[in-house]
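Two complexes follow with subunit A in common, the first pairing it with subunit B and the second with subunit C.
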Partner chain A sequence: MPAFLAAYDFLLVSMVLAAVLALSLYLPLMAGQLSLASPGFYALGGYIAAIISTKVFPPAAGLYPVPLVLLEMAVAAVASGVLGVIVGVPALRLRGIFLALATIAFVEILRVISLNLDVTGGAIGIFGVPQPFASQIHYMSLAIPLLVLCMLFAARLERSRTGRALVALREDELAADAMGVNPTRYKVLAFTVGAMIAGVVGALSAHFINTWNSRQGTFDTGVSLMAFVLIGGSRTFVGPVVGGLVLTALPEALRGIADVGGLPGWLAQFLRDGRLIIFGVMIALGTVFFPHGLITPALLERLGRGRRHRVEAA
Partner chain B sequence: MSAGAGVDVLGVEGLTCSFGGVIAVSRVSFSVPRGELFGLIGPNGAGKTTLFNLVTGLTAPTAGRLRYRGRDITGLPPHRIAALGIARTFQNVRLFGELSALQNVMIARHVRTKSGVVGGVIGLPSARAEERDTRRRALALLELVGLADRPDERARNFAYGDQRRLEIARALALEPELLLLDEPAAGMNSGEKRGLSELIRGIRARLDLTILLIEHHVPLVMDLCDRIAVLNFGELIALGVPAAVQKHPAVIEAYLGDEA
Partner chain C sequence: MSSSLLLQQVLNGLAIGSVYAIFALGYTLIFSILRIINFTHGAIFTLGAYATYALTGARFGFNGLLANAALPLHLPFVLALIGGALFAAVSGVIVERLAFRPLRTRGSDPLLTLVSSLGVAVALVNVIQYLFGAEAYSYPADPFGQLPSAMNFGTSTEPVLVRTVQVIIFGVSMVVLALLTVLMNATRTGKALRAVAEDTVTASLLGINTDRLILLTFVISGFLGGVSGTLIGLSVGIAGPYFGIAFGLKGLAVIVLGGLGDIPGAVVGGLLIGLAESFVPAQYIAYREAVPFALLFVVLLLRPQGLLGRAVVQKV
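Entry: the complex of A and B
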């Protein structure tokens, strides 16, 4: 087990962070809003952490203090939240594909700004973001609680008054409006909470990958996140989490299968290099055969029927 | 703030709505006193549903004013109007199809409940109590419309007539003072229509409602309503008690004449 953790430490932490990021995209989607803004807030959070840890508290000898990482995550959450409201209020007037396009533009604007500012290190970015842990696997001690917290948040939200308002907007905005749900308010709320989560992940990621630059949190990240949510499932918070974990691990798993040997050369080659093709085929087939993703509320209900009955009886 | 006895629940004053060159509602005025069951009839395209959309804020009027319990509500967004106590059903049934019957009704408790994100997520005692109350009231409303046996069934799996009843339950969850029913009997057989008439009478008496009813089925309207307004090409051509409206020459020509 230690050997496994040591060999796959980077991948395991990446999987968990991907799951949290997928949740940040899932939140606006709960209200029916396809936003690809998460990578922008992720980038912002990363820069905040990188700047604080390299410039505000210049690196000293030894490990960087974990409380300072937590402080950076908090600052990233607040900054992303504020920017989320500022961007969300005008952007969420747009519907469907136009919102997606506007959020892509937002991500691009942030990227170009970060390329041109001195404080973000321009095109080079910020190197040597200090390490709070001796080993990469120890990032799990922050990543796992973050994932659990976000999952709990999403799970409880889905069963609350606010969650119902969001889902009502997704199902039929006009009817929800006529039933007293303020569409703008709840869309901006979902967008902002998603932004805050993405910002927090960015802050942690800047330390985790040791460097931060304008290639972090781009449109490509947005497409991956969308794949996590759409393939994993967009109707329950479990979908994006499973999607983020599994799809981040999948390329490595395929590479592992190819390396086992005994496979025909062309197949091993395909497993090694064809993962983008496999990804694409999965998204295409998924949208046709599983429009709500692989993990659906109905599936969870079947799995958890016994448990639920006990809860209801209590 | 209780409405004085003399104040009408709904006042429509010179209401006009045009889409481009098409005038859907033209200078319509009427008022509905508290407790009245007010019918709205007219041929297809007469502007009945547009009038409902105007009253509920889904469409902005081109001219004219709307008053609810004496208060000017012209131009307010739909959710504000809903919060004031005007609920509706839709001609083409607009339930939240993927959600259960119970969730559909619970959603409409939104304006009568207060829990925020934090309270709901952390599960504060006040939020939990409110949630239990919301659920209890929603179940009671499903009972009222005769759907209490299937609270967890997805809305879109219900038969058409049952979906219309579910929409009524959802609208009632808002605790409205004014209820707008847009062709609630459409697609129902005669037995279901009788049941619906009883339901409408029942909720009106029990919940102290003022009801605006659009309906194509003339016997049902004549039987239920205290007064009837007849629209034709967006204009109000007759208004009065059913017996008088039925004999009105303009109505016979515009509407009942076609039926005969």
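Entry: the complex of A and C
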């Protein structure tokens, strides 16, 4: 087990962070809003952490203090939340395709700005973000609690009045509005919480990957996140979490299969390098055959009932 | 700004804007009929540029599965351009079959169609990268024979120099635009297309074969995407398979500015964005890439129906 953890430490932490990030895209989608803004807030959070840890607190010998990482995550959450409200209030009057387009524009604008500011290091970005842990696997001590916290939040949300209001908006905005659900208020709420989550993940990721530049958190990231949510499942919070974990591990798994041998050369080569081709095809097929994703509330209920039967039988 | 510099900026803006216009027409034609945004349009753009490159007989690079491959023919550039655009048109049809028709027959949410087209776009671009690598390519020098590198639109004392390539791009775009205008306004097919765009169900009740026209729309759209890919490749080179995705995102700004599904709007929007980009002051040139998106954001917030569009009243 320790050998496994050591060999796959980077992948394991990436999987957990991807699952949290997928939740940030899932929240607005609960209210039926396809927003691709998460990568923008993720990038913002990363820059905040990278700037605080390299420029505000002068580098010292030894490990970077973990409380400071937590502070950066809090600052990233607040900054993303504020920006989320500023962008969300006007943008969420838009529906469907228009909102998706506005959020794509938002991410592109942030990217160009970060590419040109001095404080973000321009095209080179910020190198040498200090490490709070001696080994990468120790990032789990922050990533796992973050994932659990976000999952608990999402689980509670789905059973609350607010969660039901969001689902009502997704199913029929006009009817929900007529029933007294304030569409803009709830949509901005879901969007802003999603933004805060993305910002926090960005802050942690900047330390984790040690460097931050304008290639982090772009349109491509948005496409990947969308794949996590839509293939995993867009009707329960379990979907994005499983999607983020599994699809992040998928390329490594494919590489593993390719390395086992016995496969024709071209197939092994494809499994190693064709990750994004497979991704794209999976997204396209998924929308046709599993419009609500692989993990649906009905499936979870069936699994839950199955377990209960076994418990009763025993 | 002197008047000659002003004129030069206007001409440059119109040249690049004319490509935005024909590219965006590809988006907007499909939107006008299916009410969906075809995210594969950027990938089709890349396909067109690469196909033209291959048809000129030029060699591919060292990376990718088809390293060092070259077609055994050397078409003149004009024929390669047309061939590349036809290849893109055929790809458009395949995309329609794979990404759009299955969802249409199931009556899926338009957002799902958008997602599906994103998936196909990612797959297409990465197939290109897998086959030909991620390096940049440029077309053979002097594709149109011995022409001066720049043309003077001013006087000898006050020159207004515009790159010849820009002039060619503008010319080709105008020819394509003229053909499309004739097709849409002066033929029975164009009339049928407009009828389908207005109301698909009524059009089919009137005996118009909507499925065939949808296919035709994808052919035209793919052709427009392919031509624009080659033209931009001619102007700034092919910066790897992803350059179409970046251009595709800019094209979204054009169609939103002009009004989604609005054909004259796409042309006006394209020219406006080309001009806006060319008038970014030199000291802010690094922010030029953000101009289309800033415009997109502002237009969406202030006038979501676009500059020329009509407001849509939601019916209950």
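In this text, the second predicted complex is superposed on the first by the 305 of 314 C-alpha atoms of A that agree within 3 Å, B and C clash if a C-alpha of one lies under 4 Å from a C-alpha of the other, contacts with A are read in each partner's own complex, and residues count from 1 in each chain.
Convention: contacts are C-beta pairs under 8 Å (C-beta built on N, C-alpha and C of every residue); 3 or more make two chains touch, one makes a residue touch a chain.
Quick caveat, the model's predicted, so the values are computed rather than measured.
Undergrad: Looking at A:Ala43 after the superposition, I want to know if it touches subunit B, subunit C, both of them or none. Which is it: first, second, both, neither?
TA: neither
Undergrad: Between subunit B and subunit C, pick out the one touching the greater number of residues of subunit A.
TA: Tallying touched residues of subunit A, the top partner is C.
Undergrad: With the two structures laid over each other on chain A, which partner does A:Ser160 touch: subunit B (first), subunit C (second), both, or neither?
TA: First partner only.
Undergrad: Between subunit B and subunit C, whom does A:Leu174 touch in the aligned arrangement: first, second, both, or neither?
TA: both
Undergrad: Answer with first, second, both or neither: which of subunit B and subunit C does A:Ala18 touch in the superposed model?
TA: Once the two structures are laid over each other on A, A:Ala18 reaches no partner at all.
Undergrad: For A:Val112 in the superposed arrangement: first (subunit B), second (subunit C), both or neither?
TA: In the superposition, A:Val112 contacts subunit C only.
Undergrad: If you stack the two complexes on chain A, which partner ends up touching A:Asn182: first (subunit B), second (subunit C), both, or neither?
TA: first
Undergrad: Applying the document's definition of touch, where does A:Ile295 land relative to subunit B and subunit C: first, second, both, or neither?
TA: Touch status of A:Ile295: no partner.
Undergrad: Could you look at A:Pro90 and tell me whether it touches subunit B, subunit C, both or neither (first, second, both, neither)?
TA: Touch partner of A:Pro90: subunit C, not subunit B.
Undergrad: On the A-aligned overlay, A:Asp273 touches which partner chain: subunit B = first, subunit C = second, or both, or neither?
TA: Second partner only, subunit C.
Undergrad: Would you please give the residues of subunit A that touch subunit B in one complex and also touch subunit C in the other complex?
TA: Looking at subunit A, the two contact sets intersect at 174.
Undergrad: Considering the complex alone, what residue numbers of subunit A touch subunit C?
TA: The contact residues of subunit A facing subunit C are 34, 90-91, 93-94, 96-98, 100-102, 104-106, 108-109, 112-113, 115-116, 174, 219, 223, 226-227, 230, 269-270, 273-274, 276-277, 279-288, 291.
Undergrad: Can you check the complex and tell me which residues of subunit B touch subunit A?
TA: Within the complex, subunit B touches subunit A at residues 56-58, 77-79, 82-83, 87-88, 90, 94-99, 103, 106-111, 113, 115-117, 120-123, 127, 130-131, 134, 170-171, 174.
Undergrad: Can you list the residues on subunit C that touch subunit A in the complex?
TA: Subunit C reaches subunit A through residues 36-37, 65, 98-99, 102-103, 106, 108-127, 129-130, 245, 249, 252-253, 256, 260, 286-287, 289-290, 293-294, 296-297, 300-301, 304, 314, 316.
Undergrad: In their complex, what parts of subunit A are in touch with subunit B?
TA: Of all residues in subunit A, those touching subunit B are 153, 156-157, 159-165, 167-168, 171-172, 174-183, 189, 193, 235.
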